[in-house]
Each structure stands twice: as structure tokens, then as C-alpha cells.
């Protein structure tokens, strides 16, 4: 497949630094997702930060570097996993605990406040939401921004089929 | 008075959508309208000398509910911003496809009704 | 406080006018990015740190998508005289909507007087007072998003999913090897 030469990404320094930084930014994104109920953050914010890691890799090293870390098929399955996690917790609130749809059925105790394992279903929902948002944004970016067309070679085919 | 500045932002975006002949400029006009609306919603929920709606271990519930800003518009605007990004992706995909079909971004050239 | 927000809003207005009026597409995209960053600063000053984080991240991704969509293509805007009739009609239309909007805005409460002070049994009062006790989450915005109003979050996840599916469906490319004459006849019907 004809690859545009400007799709190879940037120079060697940028690529190496991006490869070093990806672990730190990923750790920060996971921290924001998990501590969403204590500090500002949550599923949306952390998901966007995690998506930015992959976008940084794609911009610095071309599509090869970005997709080697997280392929499109994996992104599609993570979108579904995140959504199904959300829905599974919602249904469990109704069937298993006998309450309403999306009820917070894992109880919370008084002394566990302000710690990581508190607030019932909220951290788990945050994880599902973060997975979904991160994978969606990464998939959209890979398909849109790495999409290269060659208008000159497309025209003869288009005219033939449209007339 | 500051609400009318937000209204003016929304109107500038609407003018951009109505007048532009470039599909990407139409997308930019929609983005400006979204920014205006989000700013308006968060301005409505502000309380004078209020604190962010996140509790510290030291405060009591009654103190906190007397001094925090409104959390409901913030939750709704958060949802709206992420949805706006998804819609932007869809619009950009449409612009790219239109460019591929017609060879230009100009909407005056897009006169075919089918395909 | 209101002066700082007013100055930020004024800068956003200038950026928006530049973005709409300029004929160079890259300038317009950068101006929209500037408007978004100023909005993030305004959100931070108005006591909304969650919204500010999301706004900055989304603005960066927006800029990247828009710039990558314009690079390598015939990127300058449509040139030529804009017809006067079209511009005057658009300005009249927008001014009429503005007048109606101002009429509606005159019923708004003063800046800084939030709904919790005016109405005693507003939902926000319940969220702020019983949020920590009912859900166990100190971050009330997360508690509202994922416990009190989790159904809206489920709807938002659905909308994001549909937008991604739509983008993938629009940009899907089938390999065109060698179009046969039969295929042309079917396509043009």
C-alpha cells in the first residue's frame, strides 16, 4: 500500500522521547481514572489522557509506532468490553441485588471514605467508561488523521461509476 | 451582562455556519457555538466565592453545601463536551469524504443529488 | 471575579470572529483552539476542575484532527466575492435570533446567585448535602455522573459508540481492483 512519506512521523529524538514518556503518561491516566471519586477526574478525563498517549505515539513515530502498541482490532474489542462492563453492573444492580437499574449495590462504609476502595460501583464504572472513551478516541484518530487520499488517482474511477 | 457575551459567542458561531462556503469553516462555526453554550451553562451554576464541589476530609456536609458551586451543570457539560468530540469526528469524516468525491471543500460545487 | 471572566469572554469573542472571518484555513483552526483553551481557563476559575481537564484534552484532540484533515489538501478557503444579499440576510437572521435571546436572558438571575440559594429543595442541595453519605464519593460531580444520574452517562456512552461506528462506516475503503463493466452498470442506477 502506498504510504505517504510524511506519514513516517518525526525524527529520531522525538520518537525516542515519546517512547520513554508513554509509560509515565499511561500511569498518570490510569491514576486519574481510578481515583475519580476522590480527586477531580474519573472515566472521561482519564480516558482522554490515555487516548492522548496513543495519539502522541502515532504523531511521533507514524502509524507503525502507534498501531504496534494498540492495534485497531484491540481497540474495537476494548470499546465493547468497556460498554459491556457498564451494562453488566447496571443489570446486576437490578437482578442480583433486587434494586433499581444502575443501583449502587456494593455498599459503602463510614470508615472507608476518602480511600481508594470505597464508593461502591463508582470505581468499576469509571474503569469501564475510561476504557470505552480511550479506545473510541484512539480509533477515531487512527482512522481519520492517518487517512490519506490521492485525489488525482481517484478521479477516473469516480467519473466512470457516476455517469 | 456576561451572559450576553456568551450569547454573542453563540451568534458568531451561527453566523459562521450560515455564511461559510467551506465545509471545514462550517464545522468551525459549530465548534464555536458549542463553546459558547458550555460557557453559558457553567456560568449559570456559579456561586459567588464558591469552591469546587469536591469534599475534603475536614469539612462537614452542611458547611460544604453552603459554599460549593452547583455540580449538576458541570456533570451535564462534561457529557456534552465528550459528545461534541464524537460529533466533530463524524463531521470531519464527512468533510474528507466530500473532498474525495468533489475534489474541493467548496459547497457551491456540491450540486449532485445522488452519490 | 466577574471582570476576569468578562475579559476571558472578550478574548474568546475576538478569537471566534477571527476564526469565522479569515480566509486562511489554518488560522481559523488555530483560533478555534485558542477559544477552547480560554474556555478551559474560564472553567478552572469558575470552580469546575473536572470540566477544565476534559476541555483541554478534547481541545487538543480537536486541533489534531482538524489540522490533519486539512494538511495535504487544497487547504485555502473558497475565494471569490461573497454576495451582499447573502451576507445581509444572514446578519439580519442572526440579529433577530440575538434579540430573542436577549429577551430570554433578561429573566436570568444575577451572576453568582445559584439555584441552591433561591430554591430550597433544588436537586443540587440534595446532591451536595447527601452526596458523601449516600454514595461514599467525595467528588460530588463523579457521584452525580455515576450514581445519581448514571443513566445519562449510559446514554453518553451510547452516543459516543454510535459516532465512532458512523465514522468508521463513512471512512471504510474497499479495495478497488479492476472495475468490471457489469459493476459500472449497477453502480450508476
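A, B and C are the chain letters, set down in written order, and residue numbers restart from 1 in every chain.
Simple rule for what comes next: a residue touches a chain if its C-beta (ideal position, glycine included) is under 8 Å from a C-beta of that chain, and two chains touch if they have at least 3 such contacts.
Keep in mind that this is a model prediction, so the values were computed, not measured.
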item: B-C or A-B, whichever has more C-beta pairs in contact; value: B-C
item: Chain whose average C-alpha position is farthest from subunit B's own; value: A
item: Centre distance in Å when subunit A and subunit B are each reduced to the mean of their C-alpha atoms; value: 21
item: Whole-Å gap between the CA centroids of subunit B and subunit C; value: 2
item: Per-residue overlap in subunit C, given as positions that touch at least 2 other chains; value: 49-50, 54, 58, 61, 65, 69, 73, 132, 138-139, 141, 145, 153, 160, 163-164, 167, 171
item: Shared interface positions of subunit A, touching two or more other chains; value: 39-40, 44, 48, 113-114, 133, 136-137, 140, 143-144, 147, 151, 162
item: Overlap residues in subunit B, where contacts from two or more other chains coincide; value: 52, 54, 78, 82, 85-86, 89, 92-93, 96, 99, 103
item: Touch list for subunit C against partner subunit B, complex; value: 1-2, 5-6, 9-10, 12-13, 16-17, 19-20, 25, 28-29, 32, 35-36, 39, 42-43, 46-51, 54-55, 58, 61-62, 65-66, 69-70, 73-74, 77-78, 82, 86-87, 90-91, 93-94, 97-98, 101-102, 105, 108, 111-117, 123-125, 127-133, 138-141, 144-145, 149, 152-153, 156, 159-160, 162-164, 166-167, 170-171
item: Subunit B-facing residues of subunit A, complex; value: 39-40, 44, 48, 113-114, 133, 136-137, 140, 143-144, 147, 149, 151, 154-155, 158, 162
item: Residues of subunit C defined as touching subunit A within the complex; value: 49-50, 53-54, 57-58, 60-61, 64-65, 68-69, 72-73, 132, 135-139, 141-143, 145-147, 150-151, 153-154, 157, 160-161, 163-164, 167-168, 171, 176, 179, 183-184, 187-188
item: Touching residues (chain side subunit B, partner subunit C) in the complex; value: 1-16, 18-22, 24-25, 27-29, 31-32, 35, 38-39, 42-56, 61-62, 64-65, 68-72, 74-79, 81-90, 92-97, 99, 103-106, 108
item: For the subunit A and subunit C complex, residues of the former touching the latter; value: 4, 6, 32, 36-45, 48-49, 51-52, 55, 59, 79, 82-83, 86-87, 90, 101-102, 104, 108-109, 112-114, 118-122, 125-126, 129, 132-133, 136-137, 139-141, 143-148, 151, 157, 160-163
